[in-house]
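Here you go, one structure.
Order of writing sets the labels: A, B, C and D. Residues in every chain begin at 1.
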Amino acid sequence: MAAALAMAPGLEPRDGSAAVDAEARATYLEVRDLVVRFGDYAALGGVSFEVGAGERLCLLGPSGCGKTTSLRVVAGFIHPDGGAVRIAGRDMLGVPPEARNIGILFQSYALFPHLTVHENVAFGLRMRNLPEAEVRRRVGEALELVRLPKAGPKRPSMLSGGEQQRIAFARAVVIKPSLLLLDEPFSNLDARLRQEMRGELLDLLQRLEIATVLVTHDQEEAMAIADRIVVMRAGMVEQVGGPSDIYERPRNLFVARFVGESNVFAGRAKPGAAGPQIDVPGLGRLDPPEGAGAGLAGAVQVLIRPEKIRVLPRAARPPARESYRAAATLERLQYLGHRTEYRLRVGPHSILAWRLSESAPQLRPGEAVTLEWAKADTLVFAGETAA
Amino acid sequence: MNPGRARHELGRWLRLALLPAALFAVIYAWPMVQILRGSLNGFDPIAGIVPALKPDFYVKFLTDSYYLGVLWRTVRLSLMVTVVAAIAGYPISYFLVRSRGRLRLLLIIVLLVPLVTSPVVVAYGWLVLLGSKGIVNMALIALGVTDEPIKMIYTAFTLVIGLVQVLAAFMVLSIAASLQSLDWNLVLAARSLGAGGWRAFGAIILPLSLPGVATGCLLVFSLSMSAYAVPALIAGPQVKVMSELIYEQTMALLNWPFAGCMSIILLLSTTGLLAAVGVLGRWQRARQIAAAAAEA
Amino acid sequence: MARQTSEGVAGPLGRLILHVYILGAAIFLVAPVVAITAGSLTTTQYVVFPPRGLTLEWYLRMFDRPEMLSSFALSLGIAATAATIAAVVGLVAALAMVRHPSPLNRLLWLLVVSPMMLPSVVLGFAFLQAYTHMGFGSTVAGLLAGHVVLVTPYAVALILTGLKSLDPTLELAARSLGANPGRALRRVTLPLILWSVAAGWGLAFLVSFGDAAVSVFLNTPEMVTLPVRIFDALRYSPLNPELTAISSGLVIVTLAVLVASASVVRFERLFGGRAGEPAKTPKNQEGRRA
Amino acid sequence: MNAFNDIGFKAAISAAALAAVLSVAHPPRAEAATPLVLACYPGAPETFFRAEIIPRFEKEYDAKVTYLTGNSPGTIAKLQAQKDDPQIDVACIDDGPLVQAKGMGLVQATDPAKLPNLKEIQEVSQFKDGIGVGWGLFRFGLAFNPDEFKQRNLPALESWNDLARADLKGHVVVNSISISYTPILLTMLARANGGDERHIDPGFAEMQKIRPNVFTFDTTADLTPYFQQGEAWVGVWTDSETYSYVQRTKFPLKFVFPKEGTTAIQTTASVVKGAKHAELAEKFLNYLIGREAQELMADKLGWMPVNKSAKLPSDMAAIIASPPGSGDNMVSLDWKYLGEQRPAWTERWNKEIETQ
């Protein structure tokens, strides 16, 4: 498939891309056609994904998309109305949560407030009736792992948010789970701490090599941690793929808009001899590259990522091959350290573009400029409005 | 939800609910069904109950403005007791959760004293204090506030005061329970954002303690609606409430069908009012959510 | 805890007003009982306040009335048993209501809470009739059953509040760590709502211990609870210091039991609420506070 | 397997076990003596029965008496509930509610031949239908505090209508309609103003005049707190209660019979219908109205005896002003009619008198 133009859903088979990415790994967790209904409301309408051994999968989507419900079905807290969950080939339906050997890091951490840190971490081991000496050894190791070896006698309430999270992580992994589930693990932390913990968690996960499912609504978090991402909406899977697939080749407008920022223009497509011709009022004709976009007709949405747009002093050099150009006026310019953000006007459109600061041209607001972007970076989707 | 999972859920619910439901069906619901059935009987002052299946007593109650007036007074005074208890009890709850050790223990005991004392004794205590030769009147006369003793007992006012005193513990402990679980960091945060003490109270503490206030109001309102001893002994029978009528029919006239009828009406009024408040609350929340969604 | 560092909402003047108010409220709550207790120290044969002369004679006479003491023991036993059953029923019913949403929960709630909304004379009368038909009208079982119905609403209300304020993911966490539902309940849920269960038990105990209206219908020749004895005695013979001595002596004994149990179970923490609190109190605000 | 279930089950078992233990703690006594279950008033009468009457009766008749406390409606409720299998042998009920107990068929007649002491008691205490006997007499009148009267130079009380006197404003205590004294007060007021129980309107009219004077309508039938606290100067009460109270506490109260006449209510005792020990129950009734028991009652309990041969305590005359002659001033009431009218009077009283 041509990399340049992602097609509207329905123009190609649904599960086309997922199989390609999972090829290297043996499937460890397999979730098939999950259906969960709460009364009339369908929380999950047939969700499928798999996780390879040692792989980190992220369920990404806005709130209410069914990602947490999926997680709870995998954990065994919700009995689905349909579908299957298999871990290492074994059917999990009917297996109670306590028999699944799954470690969970809850959004609220769910540390037991009446137990000390040591007792919290030891809880799962005690439930497995391990000898006391081994419990002590493994709790020690786990606390060592999260770099809080002295926290044992403390109460969870005496720890900071970041420390609480590390203890919750230790408690989840000390039982040597076959699968680790992380439910919005960073949402209770402030921005700086979130960055820090994200890196730390990634290190830990890479060291432990446990199959992991992460649930988040934060695409940055998803991209930073996951090997593969499942984008969900309204109880359905929209796209499955590696972080760059999802970003560079979103399957539809929803995925494109949910993952990263973009400029979106409404246009119309007319079938032509060499492929469709696309008119965007105010931007002119943006024909897709040869061979792509066959069958597009009627209303379309055209999408360009801000970092794909080059901002040039007017008529600086001849246009690059296979690219589009548009004349624009610079309205606002913001220097953000490593990058510079431009707010530009082309006819009726307000366009966002950004460049790395070191390669950003020196421009002043009000200046007339030329915008240029590659045809390959122009994504066209069928549809009336941005959903 | 598919039928299988619904059955599964119901099964799990039943495993827990069966014991209390079965126990209460036998020792509570069945006796009350008898009362309901009995309330449809007739009554003869000499021969007693006349078996029948007629809603005569319900018709009598619901068409007589006197009885409806007593029901309305019961509701009105119970609401007053609830509001007074909530307002008067809130500062005590606040103080309770912010004090510790012996002081807190002492305060809890003080709250429980009226609850565990025989109402006859409490009533006599109020007579001793508020009567025309009581300390309060003596003090007022000595201070020259009044020449004649003021009648402070056996009025609707003493009914409210007496019930608030006896039921205060339920309100205070319920509010204290929710204040106890309040995250006081939020108060700090609000104050660091520049909210004054009272603004922080209104914006943070009060809304978060509302569940406790609701539980307290539920308890106090229900108990006020059904209280007998305090109204009869402290407010006197001139301030008639439902339970006094019911007591009179049960114990003095042995008219158990009419007593049963009024009990059923009282129970329906209490649950009906609570349900209406519940529906109103849910409707209010739904409207707020809708308004928030419309804004977003 | 964070509370120790927080200032509360009131300034110094507000605090002063609050303290004065609390003092006033405390006086209001105990004044009638104190007046009568003081009045029963009188040397006259009838209660007067202020008392004329001081004597403990009336209190000492209490011990000459074995039926009062045996009733006291019976009341303690009935109250403890009824409160225990009420707490178990309340716990199980509250778990059903909170853990398993069901349209039947409204009915269950009504079943266990509505006794509170009925005058106790109706309950007593209904129980007497129905229990006699069922064959346990004049037995301990009947008296106990009546008290269980009477006091369960309090246990349910308090345990329900405690359970609702508990973070449900704590139990899920326990399950994911390998605890079956029973162990999760015992090791996590119960310890965390213990205080509201204890508070529910305590209120149920006090209500049962103080009830006269239901017991008067269900008493048997061998079993008359203390409040019934006092209530009857006060109603059928003029108020005298001996009876008020017994009544206020009862309050003193009851509260002594409370104080004693308080030092054992740390009563001041008795009403729940703390459950799940620390998990909801991430300390990340510390960074901002610093 | 399910632990919630498990806990519920264990609780049910332990509750059942506890109940079993508690009931075993009171095993039915195995006794040679004939048992008798007496349902009678709590409080002072209970103390009196336990201390004076029961030991003597048990000794004389080789009986074992169990005393079950209950006021009249409570006892009737129990009799009604146990109708098919009565546990009570003798029931003490006030004469007003006794009419209802009879109407409900809860008590049975006694052969006068079995009650030799019947000859000695007042006529009012013997019932024509042969069901039950009266054993304690309570005559209506006005109890007052002479100290309060002296202090204010108030004229002496003479008539039922004096309750409406302006100088008593706020210091009259009348029982609430739920106390059985009040319908009788109504008939007395009616009689003092040209009516009677069948023409009750004058009674209500007079009560309307008394109403502003009323401090409160008492629901406990115990007027002593109001006298002790000086709220009540006059109360509608009975001679037995006044005497019994003064005898016990030395509180200065006096009692007067209004000139229009008075009537009495009685405490009665009846054999319960289908009583398991009816024979012994009859013996108990006979003993209760005998001279020994009646004198003990007057002496220890302070209640007026129904037995004409019983001696009255010597100090009684100082407290109870000249009991009216046995004949003309004692009005006998038609209890059945009063019973029939009580619901209607109660409702009318509630609407017209006991309102704010």
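Some points to look at:
As a convention for this text, contacts are C-beta pairs under 8 Å (C-beta built on N, C-alpha and C of every residue); 3 or more make two chains touch, one makes a residue touch a chain.
Here the structure is a predicted model, which means the values were calculated and not measured.
Steps from subunit B to subunit C, taking the shortest chain of touch contacts, total 1. Using the mean of the Cα atoms as each chain's centre, the chain most removed from subunit C is A. Should one ask which of C-D and A-C has more C-beta pairs in contact, the pair is C-D. Between subunit B and subunit D, the centres computed from C-alpha atoms are 34 Å apart. In whole angstrom, the spacing between the mean C-alpha positions of subunit A and subunit B is 53. Looking at subunit B, residues 16, 19, 23, 120, 124, 128, 247, 250-251 sit in touch with two or more other chains. Taken residue by residue, subunit A touches two or more other chains at no position, since every residue touches fewer.
Listed for subunit C are residues 1, 47, 89, 92, 95, 125, 129, 133, 180, 183, 234-235, 239, 274-277, 280-281, 288, each touching two or more other chains.
Of all residues in subunit C, only 44-48, 77, 81, 84-85, 88-89, 91-92, 95, 125, 128-129, 132-133, 137-141, 144, 180-183, 185-186, 216-217, 219-224, 228-229, 232-240 touch subunit D in the complex they form.
The residues of subunit D lying in touch with subunit C in their complex are 2-4, 6-8, 11, 15, 18-19, 22-23, 26, 37, 41-46, 66-71, 74, 77-78, 80-82, 87, 220-222, 224-225, 228, 244-245, 248-251. Those residues of subunit B whose C-beta lies close enough to touch subunit C in the complex are 9-10, 12-13, 16-17, 19-21, 23-32, 34-35, 88, 91-92, 94-95, 98, 100-101, 104-105, 107-118, 120-126, 128-129, 135, 165, 168, 170, 173-174, 176-181, 183-185, 187-189, 191-192, 197-198, 200-201, 205, 211-212, 215, 218-219, 222-223, 225-229, 242-243, 246-247, 250-251, 256, 259-260, 263, 266-267, 270-271.
Residues of subunit C that touch subunit B in their complex: 1-3, 5-11, 14, 18-19, 21-22, 25-26, 28-36, 39, 47, 49, 89-90, 92-93, 95-96, 99-100, 102, 104-105, 108, 110-123, 125-127, 129-131, 133-134, 145-146, 148-149, 152-154, 157-158, 161-162, 164-165, 196, 199, 203, 206-207, 209-210, 212-213, 227, 230-231, 234-235, 239, 244, 247-248, 250-251, 254-255, 258-259, 262, 267-268, 270-277, 280-281, 285, 288-289. Taken together, the subunit D residues at the contact with subunit B in this complex read 2, 4-5, 8-9, 11-12, 71, 73-74, 76-77, 80, 97, 99-100, 102-104, 170, 176-180, 215-217, 219-220, 225-226, 229-231, 336, 339-343, 346-347, 350-351, 354-356.
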